[in-house]
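So that you can tell them apart, the chains are marked A, B and C in the order they are listed, and the count of residues begins at 1 in each.
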Amino acid sequence: MSDTTQTGPVLAADGTPLKRSLARALRMQKIRALMLIAPLLLFVLLTFILPIADMLFRSVENSIVPDNLPRTVVALQDWDANSGEIPDEAVFTALAADLKIAAEAKIHTRIGSRLNYEKPGISSLFRKAGRRVKKWDIEADGPFTEQFIKIGKGWGDPEVWRTIKTYSGTYTNGYFLNAADMQKGPDGAEWRPENEQIYFTLFKRTMFMSLVITVSCIVLAYPVAWILANLPARTANLLMILVLLPFWTSLLVRTSAWKVMLQQQGVINEVLVWLGLVADDSRLQLINNQTGTIIAMTHILLPFMILPMYSVMQTINPTYLRAAKSLGATNWTAFWWVYIPQSVPGIGAGSILVFILSIGYYITPELVGGTKGVFISNRIAFHISTSLNWGLAAALGTILLAVVLLLYWAYDKIVGIDNVKLG
Amino acid sequence: MALTPVENQTPAFTGAVAAASGAFFGLFVGTAQGSGFLGILIGAVLLGALGFVLAGMTDKEKPLRWAIFAGFTAAGLLMGGLAAGVVGALFGWFAGWFVFWLATSRYRAHLAPYLTPGQVLWHYTFRVICGSIFVFLITPILVVMPLSFNAQDFFTFTPEMLRFDPAGYSLKHYQDFFTSESWQDALWNSVRIAPMATVLSVGFGTLAAIGLSQPHVPFRRAIMAILISPMIVPLIISAAGMYFFYSRIGLQGTYMGVVLAHAALGIPFVIITVTATLVGFDRSLTRAAANMGAGPVTTFFRVQMPLILPGVISGGLFAFITSFDEVVVVLFVGSAGQKTLPWQMFTGLREQISPTILAVATILVVISIGLLATVEMLRRHSERMRGMSPT
Amino acid sequence: MKLKTLTALAATTALVAPMAMAADMADEMTIVSWGGAYSASQKNAYHDPYSANTGVKIINDESSAEAVAKLRAMNEAGNVTWDVVDVVAADAMRLCDEGLAMEIDPDTQLAAAPDGTSAADDFGDLLVSECFIPQIVYSTTFGYRTDMVGDTPPESVCAIFDLDAYPGKRSLQKRPIDNVEWALYCDGVAKEDIYDTLSTPEGVDQALAKLDTIKDNVVWWTAGAETPQLLADGEVVMGSTYNGRLFSAIAEQNQPIGMLWDMQSFDLDGWIIPAGLSEERKARALDYIMFATDTQRLADQAKYISYGPARKSSAPLVGKHAELGIDMAPHMPTDPANAGNVHIYDYEWWADNRDDLDAKFQAWLAK
């Protein structure tokens, strides 16, 4: 601004120091940017982030027991769960009082269902007891110990009482233990019996199959992306339609189409048999197993791999490859040392996108996966709509989400989230 | 103007390559008929002879190709009826094209002159590999289309269909779609929900994308992560979370609830495509507009908007498709009044299998092609406007 | 609790405030059912005549598969949007237990039979829960490909375990219920001892061991439409599904399928009215139920689908199929010829052990 050396601070046109003026301008700019973002941020927070947070909260929440059995919970505090004996009459009286109120509010069976997840049989104990307790007079009809045991033998089982005591807190880690194939035993956390362990297997399988799907997507997408990036624009755009068309066809329809193709009397097997490549009595088992899930999901997720790869490959200058060859590199050397390194961001972007999307899938594995091709999401869906064990579903979901977020973080580190292009 | 000098191949070369391909196809036809070896032999001899003879007659290409086509079609018809006739016709067309393609060296015309034969072979092998991947991508759609004309109520290619017997085909599933009340309701609901969700995500999304592309944005990464998260969180978790939460605040089972949920799912697509367009946006244009006295609002609508419009529209189309094809979230968040097409399809698959689903899919594929063409046209338009030559 | 209230409050004010929530329900009701041919039969037999009589508009929601979960969430939110819900008996008991369904007094709230028999006697044992109004009797039974079993069509349920006589795949439902009972029955356990055996860990192992013998040859289904499709494709030689689905594949679609009536799992499907409806909606729901479960209406439904009416008095009124004109009575699971050896599953036992056995079953499947 000025051509003479000044000793004081540089001043802007309006006389304020330039530094402060610039800072203010920057602040204004930041505020303006945030103002533009704010509506959407608020929208996503309210319609999406809050629901997710709320759902994950259910994985530790256990207020149903302390809220509805307050007297029993207090009375049980003095009872030693490992004594091998049932609690004293005071606890039974407290339970009778709690249950009477709960049964009138028709909530006793809900407590029963909650505890039944931890110990089978408790559900019917509560149901039967609730029916009788309603008729009792808590002041006059005691003592209750014998009466309870008469309603259900289970009330005389210390294990039942231990379960109630263990799950009497407002918060519990029980769902998370269950999600990790563990349970709360007399001496703290322990493994579930082997014939009930399933979640670890499912998580492992989900990871493994997602990996296989990602790798097969890379293998299939690389040549396609390459040819799309190297063909003249008009042809490339035409072929692009072939990539986008399945992408825009209903997922359910594509999955049904794969069912028609893959089953033993399906299109692929019929053709193979007709060509004589496979004997009629040894048709390939392509569906209701991992193969089916992998084929169908590779197909469904392939566009998510092709598109980012394509957008990266478009920016690679073909002269590098030619330069390498004219310097004496063989085709393979030039490709491996010059082209591949430049296309790595595309591979990375596509891979993480495909991997993240595939570990959350559930409709396709449900329809073509049989028993060995289903994912952890199928189990989450089962617990949400069939078994109603929402706490366990939330715990499984939290673990899955943690894995996804970890990958998402890695994705952001490696490629940056704003580098995804969708055609 | 071809760089590579092209001259006709010797009959021996054409014959040999044609024989090799003949052997390859002969193997399949042969095994299908009982003897693979005989198939190889017949195939190799047949195509080899064709190649050898035709290599010298390249000047009469057109009539000869028709003759080969007719010959194979007739042979197919005689051997196995209409279906085999179609296979024969396809093969005849291919054989004619292939032989002359070899004989006239047309295959070298577009390639660099210094390529070795090995590299030429690899070039075409690679194309064949890519071709099969494209076939893999498109087959499910090819399977769906004929099945939607099935006269039966199952997803099965009936023997009548394979014989091309008209009795095996019918339009009844299309009729079902257009006359059934529940399908029409579902279509209507989809049409009501998807655009509204799209408008919401595009409106909020474009604004935020412009904000995000400003040079100084605090917590940019964190904000971006939050905005992209609906695409990243597994759908079943989103669905369950929204279901619990929306029930509590009375949005579950309402039109607004489904629209909001779908808008949230569509936002990442809008953000991604619009920020991508803004990356190439020349900021001096807005400054120039401001210089000439335009206010920020005028600048936005008259200068910035027309330039980023293609990005906005393509993001909007992705958001639209997200809502239009979404089944998991609507199954939880919606109720009868919001039953969309995918939901109806899902019930259809679960309760009563009917190819009406496939008829709907065929109709939607046709619409998709229309939408894709629109996107492509817009892209070209945008590139012209920004003065970029198509790459 | 506090966090939830706060977040809910914040979101409510932000999102709901601008919307008017006063939907006028006076002339509309939402009925939840299963969809497909079943919903169509209800529309023909119940909804259309009821709408014609009263002018009430009926919205059909096809969410019965998620009914229990959705009702529980609606109840938590205090905003029940359904008026009448079609559920299977086991779900009705669960809903009743949780206080999510209204208790019904059959004598005052349901129509008596034309001959004056009270509704309680007319439904008899089928009133398995205080909240449940039975509608149909159905069976999970087996269909087989007539062209794939040779000259000896299966006559016993144990044919599913007989890989020598009937090679090929079979389809079973992907859940332990019914499957473990059939396994024990075919492993020589007497019918009346099945649940005692299943109550011991050894019994469960025995059932799973029996299922193990055919595990590699089973296609597991989750949706009722799958077995008919698999049979039509020739993918499986036999499979379990609901008898109405098989009837439709055989009689309406002319598929080469036969039906096996042995040890079929006898089950009920019916209505519940959600708890917590406003007086006005409750009155309408009860009015609908009174109409839709009377003797004539239940018999009418059998014209469209081969499920047996739940009232004894409806049985003689069952006529011919609405389009095909064939007699429906012989296709009903309640027909004496079909009900020779039925399996009645123990609702109470399963309510207690469902989660536990399901975990074991799933772990077994994953192995």
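Simple rule for what comes next: a contact is a pair of C-beta atoms (placed from the backbone, for glycine too) under 8 Å apart; a residue touches a chain by one contact, two chains touch by 3 or more.
What you see is a predicted model, and the numbers here were worked out from it, not measured in a lab.
Chemist: What is the chain whose Cα centre is as far as it gets from that of subunit B?
Modeler: Measuring from the centre of subunit B, the most distant chain centre belongs to C.
Chemist: By CA centroids, point me to the most central chain in this structure.
Modeler: A
Chemist: Looking across all chain pairs, point out the one with the most C-beta pairs in contact.
Modeler: Summing C-beta contacts for every pairing gives the maximum at A-B.
Chemist: Report, in whole Å, the distance between the mean C-alpha point of subunit B and the mean C-alpha point of subunit C.
Modeler: Each chain's C-alpha centroid was found; their separation is 40 Å.
Chemist: Whole-Å distance, subunit A centre to subunit C centre, using C-alpha means?
Modeler: Going by mean C-alpha positions, subunit A sits 31 Å from subunit C.
Chemist: Just curious, how far off is subunit B from subunit A if you go by their C-alpha centres, in Å?
Modeler: The computed centroid separation for subunit A versus subunit B comes out at 28 Å.
Chemist: Could you list the positions in subunit C whose residues touch two or more of the other chains?
Modeler: Residues 4, 7, 11, 15, 65-66, 222, 233.
Chemist: Which positions in subunit A touch two or more other chains at once?
Modeler: 47, 50, 53-54, 384
Chemist: If I count partner chains per residue in subunit B, which residues reach a count of at least 2?
Modeler: In subunit B, residues 155-156, 243-245, 248, 260, 349 touch at least two other chains, as defined above.
Chemist: Tell me, which parts of subunit C touch subunit B in their complex?
Modeler: 4, 7-8, 11-12, 15-16, 19, 21, 30, 32, 34-39, 59-63, 65-66, 70, 73-74, 76-77, 79, 81-82, 222-226, 228-229, 232-233, 253, 255
Chemist: Please output the residues of subunit A touching subunit C within their complex, sorted ascending.
Modeler: 42, 46-47, 50, 53-54, 57, 63, 105-107, 109-110, 112-113, 116-117, 120-121, 123-124, 127, 195-198, 201-202, 205, 263-266, 288, 366, 370-372, 379, 384-389
Chemist: Quick check: in the complex, which residue numbers of subunit C touch subunit A?
Modeler: 1, 3-4, 7, 10-11, 14-15, 65-66, 68-69, 72, 97-99, 169, 174, 205, 219-220, 222, 233-235, 275, 348, 351-356, 358-360, 362-366
Chemist: In the complex, go through subunit B and note every residue touching subunit C.
Modeler: Subunit B residues touching subunit C: 152-156, 182, 243-245, 247-253, 256, 260, 331-332, 335-337, 339, 347-353.
Chemist: Which residues of subunit B touch subunit A in the complex?
Modeler: 28, 30-32, 36, 119, 122, 126-127, 129-130, 133-134, 136-141, 143-144, 147, 155-157, 200, 204-205, 207-208, 210-212, 214-218, 221, 223-230, 232-238, 240-246, 248, 260-261, 263-264, 267, 269, 272-273, 275-276, 279, 314, 318, 321, 325, 327-328, 341-342, 345-346, 349, 357-358, 360-361, 364-365, 368-369, 371-372, 375-376, 390-391
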